[in-house]
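Mind having a look at this structure? Questions to follow.
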Amino acid sequence: MIYEGKKKIWADYQKEIPEDHYFYVRSCIRQSFFPASEVTFLDITRNKLGKDIFGTEHHTTCGGIAYHSDTIPQETVMTIIARQFALMKKYGYENYVCSCITSFGLYCETLETWREFPELQQKIADNLWKACRLEFAKPKFLVHASDLIFKYRMQIAAKSKFKLVNQKTGEPLRVVEHIGCHYSKMFPSKGVGGAEYPYVLVGMIEAWGGQIIDYPERRHCCGFGFRQYLIKGNRGYSVSNTHKKFESMEPYKPDMIITNCPGCPYFLDRWQYVIAETQGKTYGQDGHGIPVFTYEEVAGLVMGYDPWDLGLQTHQVSVEPLLDKMGIPYDPAKKFLGKNGKFIGEPQKPHCLK
Amino acid sequence: MTRLLIAAGQHVTPEGIIDRYPNSYNHFVLPFVIGISFILVYLLIGLIRVLYHLTGEDRIKLLKSLFIPKTALKNLKDIFCDCLIHTKIWERKPLLGYMHSAIAFGWFMLIVLGHLEVALFAPRHLEGISEGSLYYPIFYRFFIWINPEHETLRGTVFFFLMDFFLLYVLSGIGLAMFKRVRSIALGMRHTTKPSLADRVALYCLWAIFPLRLLAESFTADLSGGSFLTKPVNWMFRAFFGNELNFMPTWWAYSICLGLFFLAMPFSRYMHILTEPLLILMRNAGLKVRKPRKGFAEAEIYACSSCGLCIDACPMNTQKKNLKYSSVYFIRFLRRHNNRKINEIADKCLMCGKCAAICPVGVNSPEIRRVQRETLNNSISYDYSYLDNIAEEKLTSEASAKGKVLYFAGCMSHLTPKIIKSVESLLKASGTEYEFMDKDSGICCGRPLMLAGKTEAARKTIQANKALIEASGCKTLLLSCPICLKVFKEEYGLKGIEILHYTQLVDKLVKEGKIAPQKGSVSMVYHDPCELGRGCGIYNEPRNVLSAIGDLKKAPKEKDESICCGYSLGSMTLEEKDRSKIAESSVDNLMAGNPECIVTACPMCYRAIRSKSPVPVKDFAEIVAENMKQ
Amino acid sequence: MKKNILVIGGGPAGLEASANLKRLGYNVILIEKDKQLGGHLAKWDRLFPDGVSAKQTLNALLDEVSGVNCFTETEVQQLNVLEKSYNAILSNGITILADAVLLASGFDLFKAEKKEEYGYGIYEGVITNADLEEAFREKKLPAKHPQAIGFVHCVGSRDEKAGNPACSKVCCATAVKQACEVKEVYPDADVYCFYMDLRMFGRHYEDLYLKAQKEFGIRFIRGRVSEVAETTDGRLQVKAEDTLSSKPLKVTLDMLVLMAGMRPSESGKSVGRQLNLTTEEDGFFSSADNLLSIQRSKLPGFFYAGACTGAKTLPDTLHEARSAAIEIDRYIKEKFSEK
Amino acid sequence: MIDFGFTVSPSSRINLDKCDKKSFSALAALEPDVLKCMACGSCSASCTAAHFEPTSVRRAILSLQNGQVEQALDLLKSCMLCGKCTMVCPRGINTRHLIISIQKIYGK
């Protein structure tokens, strides 16, 4: 591996990310499965770093899941998106940050389509006026939430209490980064570092002390693939994809996986359970899985948040071995206590995944 | 002389016509006795082995055949013509024929006449045998001396005949020696490389008769002699005087005979003794079932290693292929050299020319095929799909009841011109026909048989047979000789006439249904191996072609025709070697500068066309082009 | 008085044209931007299809140009069209009044790092066709015997995303030649060629292909390599589709050679900009007529030879150089006999 | 083990690192012409058996190169050795004997 070569490519894919003042849009999947991640994002950016990140309860889904599952037409999804952008304008913002990669990809696709076909943009603007009486607008800067954390990575590192380093050995942790397909594969120039060697998560890992693993199937999809999962008959494809990735990364003995997409952490995490139960195979140490995190969770851990406040108890693959490696203190007794201190119930232990 | 004999411990009887009987035993006969005993025991064991390895069915078949008058007569005729006179060699190479018959027939006559002499002139010895005496004067001239004063006319005739046949044999031996030095003079470009046993036996054979001449000449004044032995006797006496010790020559003669018999089973000369057995088995209609046992063993030992097959083999247009000739195949079989056996077995084109010209009639291509069977028959295959086709076609295909059913075969589909021409001739003659494999067909099975996958071949044969029988056709017409052979030999289609298109066209012309137009174009006909040597069809195409143009003869034609090189028979021959054979085949056809070459096989058609300097036409094509309007 | 002809580019086309123009009695000024003459030929080791030495071939070309005014490390700074001639100001300060100009600016090799998925410049074992030629020339092949080596045809050719939909014409034969050469050095290695179509159009090229298959046992896989990654032990994992069996395929290699295609040369482009020369969609200069007069540009007195009008083999280039000399001679004779 | 109604499906990917190169070398030593195949498909196009069953020398060779032995044997098991492929092969490969050699080396 020639690091200089990668740096040359990263230099070609610089993305302009404004420092502050963003209109924030949540992700359907993330607020359901990893609600703490978005909360952490807002807490870090607003409270720890003092940024202006505006959120509103009036925004909706971007329509991406329905669009990629072939259930709504493109014009509909574009109108939904136009409404989101209009809300941004209405609240006085021109920088748009979204929490979801599917949304990010769809926004990029939509903006490119409007650029290529102005008549379609006009039609959508008309639709928007007819439906919502909102004024059509386009964001000046469109970024993904991971782009922002990437932007603030050094500020976070400066405030960090822990590093991505094995406290016992002093060795950097071996980290697999997994980028959501729709982040830059469709429009390499829209992602930090391009599509082939994206830098957005690599930059965070480097800044926080970890070591990147470059394994052969790093480009491969997590396996979600919308229809591949949503239709039960296709789920074999979905889990086979994930299986392929784990088989490929296994020899590198990763300590953790970090992702920037809503579906990826979910499937990389849950499918480890399904693989364990159907193939009898686990990929971590001593029968554990490889813990999978969102970038916000990792930022939170680095900054010293309580693991249970980050929602790590909702993961399928237990995170304790990693917390031990990083030297992060945690109270096992509090793992399944809710915010109000009440017991939220403990899931049944899987057969072979520890 | 008498003194000398007494010195040698001989006993002289002074009275009677046969008035001198030396002691009935002398040590010099020992080598001969040992040799002849060895060969007789060897032969007996060999015979038992061969018979043991025959299937029970074949054994009974063989036994029965001996008592069927027609077969018995043919046996006698074949043994006389093939073993003694060597008519087959005479037909091809007269000088070589003379050489063989001189040695074989001459020697045979010497033996027969010798025994007659014993019977006529020394009946005491015959009686002696019946009375339990062990002595029998094989070396008649040594043991039985005739008083010159008592020589009768009958005796003179015998002396003359014995000398005559001895001279006859000697002339053959002389030719044989000359042939060793210059084989080409006797019409052979290549001869076999002799093995050690071959050499021993050969030199013994060469020495036997000159030594016999010497020995008998030495004693000619005592035992009698004729125009050959007596002058030699006088000559010796003139040169060396009376002090001759003739014992060494009799010893040498006996030793040579003994050595010859000892070397015989390991040499090519075994054929002298085994050929009659082969003739009996062949005439009984036995088939090769195993490549080294039973009938095949009889064939192997009947091979005279003469090497005629070397020149005949079409592969031998390239020197590197000499080693694949049948004679070496048989030699390696005899020596159980499996690696070489398989290599040679796979290389052969199976054109059948070696078998056609073999003086002994060894069918080595068939042995090769069976040898391939040992390796390839067990290769797995899955022809279950053939059953489905048969089912589908049986129900869907139009019936050809009472009509001609045309089966073009795989290869003809690569030469659509042949198919088109055959169809146009059928139409022109008003023959009603159905085209069996117009869209698709099942392979006839012959290529599988040639590859030694006999079991697999049975499957395709079965599938095709079911289709043909269900069609109700009267005649099965084929345009590919490869198919023709297997349809004739293996299908057992009862009540269905199987014709090659050359046969059908010949028939149609004779019946006046097709009228060829006589033209002036000169042409030569190439006999496809499977059609000619394979099925014996030589004349039908020639009849028709003579009616179309000026049909020239090729130097080598009919059963001597040269394979086009692309025969499916060879498993391992490379493309460029095949192309060399095609060239030599074309060279032979072009000897008379014909304006066009005609053949009647899709494979030959393609091969010859690729090398011919003149247009190449298929038989049906040229007939279709030359019809009276 | 002898007429001045300016030849821009000292590769095979420029050299061969200069030699012929000199022979026709012109005063030839040959300029070359590099230190040495010869262009890409000077960087190559052996040439397809017969493996003759590139050095010897170049020397033969150089022998012919003795007596021609050669300026190396020189570029055209300014080029102006005058009424009947061209005025060129060179980077070495010399100004030339040329009666005709021949552009023989050739090609640049496609920058293989642009195909990011192949990891050129990122993975140690990934090299280009030019790197391999240099290794052969300098005898610097890796001493450690590789177990498996791959060649990727059409890198930056027949690839719209890489900006070049055209075939670069020489890569197939070069790849097969190099594959054989590599196999000669490492007879135990498995050698794979990943191709889309094998374009073995020239004389003896097909023989080369057959030799590669039969004598060297090189495996030809029909399918473009999709991505390259590094394995734990630092080898290269290559993914492609074997399109003949319609199945994805992966193989681990020690060396991967990218057959970088031909792109119009940057120095040629800068000359083109000064005269507003038109190019075709593939970026190469457009000739007056692609059948009848490939050597002529749309400007009178301005000619092309070699790969500046599209990918060409060495023999093609030399033919063009000779015919350009004839075209120039004809132009000069017609132009200056009018008076 | 739990039945989820779906599971990991086996990969259809050819892995050249894991394919049996020894047998193929043995085949190539016996039949050097096997290396000459340029995948033109003449053999399958003319094949008598291919009219009824998937049969292809070309694909069999490719399958062996890719280590898919079962598939290769499947593609040859219906062959009737009629020899048409040998006749039409532009590279002069003795396909007929090649088929037998493949079946002998890889069969059983």
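Residue numbering begins at 1 within each chain, and the chains themselves are lettered A, B, C and D in the order written.
Methods note: a residue touches a chain if its C-beta (ideal position, glycine included) is under 8 Å from a C-beta of that chain, and two chains touch if they have at least 3 such contacts.
Only a predicted model underlies this, so the values are computations on that prediction, with no experimental measurement involved.
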Closest chain to the protein CA centroid? D
Farthest CA centroid from subunit B: chain A
Could you please state the distance in Å, as a whole number, between where the Cα atoms of subunit A are centred and where those of subunit B are centred? 88
In whole angstrom, what separates the CA-based centres of subunit A and subunit C? 46
Subunit A and subunit D have mean C-alpha positions lying a whole-number Å distance apart equal to 46
Between subunit C and subunit D, centroid-to-centroid distance (C-alpha), Å: 39
Interface hub residues of subunit A, defined as touching at least two other chains: none
Where subunit D touches two or more other chains at once, the residues are 33
Out of subunit B, which residues touch more than one other chain, so two or more? none
In contact (per the touch rule at the top): chain pairs: A-C, A-D, B-D, C-D
Interfacial residue positions of subunit C with respect to subunit A in the complex: 113, 116-117, 119-124, 227, 229-232, 234, 237, 239
Residue ranges of subunit D in contact with subunit A within the complex: 1-2, 4-9, 11
Sites on subunit D touched by subunit C in the complex: 12-17, 21, 28, 32-33, 35-39, 58-59, 62-63, 65-66, 68, 91
What part of subunit B is in contact with subunit D in the complex they form? 346, 375-376, 379-383, 385-386, 388-389, 410-411, 413-414, 439-443, 445, 447-448, 451, 453, 456, 460, 566, 568, 571-576, 603, 606
Of all residues in subunit C, which touch subunit D in the complex? 190, 192, 198, 209-210, 213-214, 217, 219-220, 222, 242, 244-245, 247-252
